[in-house]
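Two complexes come next, and they have one chain in common, subunit A, joined by subunit B in the first and subunit C in the second.
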Partner chain A sequence: MAVLKIIDIINTPNAILHSFGLKVFEVASESISRNQSIVISFQGLKNITSAFCNASIGKLYLSFPNTSELLFFDGLEDNPIWHEKVQSSIELALNPEKIEQQNQAISDLLCS
Partner chain B sequence: MAYLIHKIDTLIPEDYPFVFCDANVWITTLKYFGSIVVNSNEQPYQDFIEAIINLNNETDPAASKRIKNRPKLVLTSILLSEIINAYMRNVAMKAFFGGGDTYKSKSFKNDYRDNPHSDFKQKLNDLCSDIIAFQDYTTYSGPK
Partner chain C sequence: MLEYILSSPNQAIYTDFQGSRALLGFYNYAKRYRNCTIKLNFDAINFIDANLSAVLFAMIYDLKKTYNIFTFIDFSTLSKDLNILIRNGFTNHVARKEFTFSPLDNRDTTIPLRVISQTDVDSFCSYIEHDFLHQRGLNPINKQTKDKINNHYLEIFSNVELHTNTKDPVFVCGQYFPIQGEVKFTLVDLGEGFLKKIAAFTEGNVNIKTASKAIDWALSGNSTKKGAFGGTGLLGIKKYCIFSGNTIQVVTDNCHYTHFYRSATSQQILNPMKGTTIHLIFRYLNK
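Right, the complex of A and B next:
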């Protein structure tokens, strides 16, 4: 099974930006779209954010219905906060109406 | 008194050693899902913060020599308070109550913050860890 190390894709130990998440999504989606299992590895990272998880893992779940059968994680075992961020992004992706609601709430803040 | 306020999509981050962004820019950066479409409102903010992070991450010696500044994002206690307050009230609480009239009828303190069955603590911890994740690119100004 292919292992995708996030740090090798984004070239920084800080997985903090939405755009970094999109890079991971693009690489991972090549395998997922071909029904190939992959491991996304968080090894070597120093920080992650919700925005990163949403743009990478959340978007995979949103784009490919069989993601839960093909995607595995490494490096989350000892970090409950990271684990929770990943789970939250999956939960959001499985409830697209919540994504819309959150995006709209943030948009409203920007325009207020 | 004149303030140095710039339109975000015309600002060159490299021109400044320090940049202060308001709470809404931070919330967009930390929490935006953006998976369906990137809203035009959010894109300039995403691009601006990305430019700052990329300047700080640049390791190529030739490119590094040409960089005028590697700007730090300034955080203050008032800004942190505003980020937390705005997000918890306008995004997290709204999501918890499903928005609409139900959300509008609820009290932030009584029905959300002090409600042991709400996700207030989880969302607050999550937000704080998102902010801390920017530690390499921020500088704190104010009382410790």
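Right, the complex of A and C next:
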């Protein structure tokens, strides 16, 4: 199975920008679109953001219905914040309306 | 030489609506002119939140770039508490000697002013990690809280690329207030603001027409990106403010928006500057 190291694609340990996420998407989508399994590796990274995760992993889930069967992750085990960001990007891609409603409900509840 | 005397109630400029108005007074006075030098006089001010250096220098940068207006500051007037503007590098930036500057941090509270390209993520991350969170003044904050603060700053930086539509750099500065147990951080961009993109994106749907509603919309986790959602980190910051007693302020278009605990307030700015300013105020004592 091919391993895509994010740090090698974006050339920095700081996976911060939306545009960096799109670069990872471009590389990963070559495999996913051919039904080939891949591992996206977070090894060597120092920082990630929701913008990066949404533009890379979220966009893969939005673009290819079989992504969940083909995409695996490495390097998230010891970092709950990163794990949560990745999971959120997947949930947002799969159920955007539900997530929007949840966010709005939380927002309304907390600020009422 | 033209001269503007900076002023504010109680001779102090804080990170709030009145503080924004005080600084905008200088910007709106200066932008009536072209191709000249204006002396910025601090004699009527005794105190300024040093993180506001980012706002003031963004104004000075824009006045030079857009109107060819130079700003002159008599450093000798920056006495007592105002010498923070010398210690954090603000005056070096105004004098265009920032590259020879290293902060004089004899109180362990100074976080330098920096001007960083929107795409220079490594400089921004290094600034947050080394200039900001590793200072001795922040020792009372545990690692978990520092990680959260770091994460929120990076989310804000990533947001700039998505909404500004400008190549201008961002302006960042912070300040510790050890007695109050607060850290204030300010990031300024000179882009389009929130409303333009959000109004276009929501047309025919929720039809957002005001800056206040646009900020509310963005802070609720929404994004204008189609096909690849943008950052949703602003919602995380809002939740963090609600649960931890911190404050986020967003100044964009004609709105000064404040979210503190469970309440949000917005106040109208009559003569706004372009771009967006985000202030984060973390209260770290007793956590």
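A few remarks follow.
In this section, the second predicted complex is superposed on the first by the 96 of 112 C-alpha atoms of A that agree within 3 Å, B and C clash if a C-alpha of one lies under 4 Å from a C-alpha of the other, contacts with A are read in each partner's own complex, and residues count from 1 in each chain.
Criterion: a contact is a pair of C-beta atoms (placed from the backbone, for glycine too) under 8 Å apart; a residue touches a chain by one contact, two chains touch by 3 or more.
Just so you know, these numbers come straight off a predicted model, no measurement behind them.
Shared-chain residue A:Lys23: touches no atom of subunit B or subunit C.
In the superposition on chain A, contact of A:Gly58 is made with both subunit B and subunit C. Shared contact residues on subunit A (touching subunit B in one structure, subunit C in the other): 12, 14, 16-19, 46-47, 49-51, 54-55, 58-59, 62-63, 81, 88, 92-93, 96, 99-100, 103, 106-107, 110-112.
Those residues of subunit B that touch subunit A in the shared complex are 24, 27-36, 39, 41-42, 45-46, 49-50, 53, 57, 86, 90-91, 94-95, 98-99, 122, 125-126, 129-130, 132-137.
Remark: subunit A residues 11-12, 14, 16-19, 46-51, 54-55, 58-59, 62-63, 81, 84-85, 88, 92-93, 96, 98-103, 105-112 touch subunit B in the complex.
The touching residues of subunit C, when paired with subunit A in their complex, are 119, 121-122, 124-125, 147-148, 150-151, 154-155, 157-159, 161-162, 219-223, 225, 227-233, 235-236, 238-239, 242, 262-264. Those residues of subunit A whose C-beta lies close enough to touch subunit C in the complex are 12, 14, 16-22, 25, 46-47, 49-52, 54-55, 58-59, 62-63, 81, 88-89, 92-93, 96, 99-100, 103-104, 106-107, 110-112.
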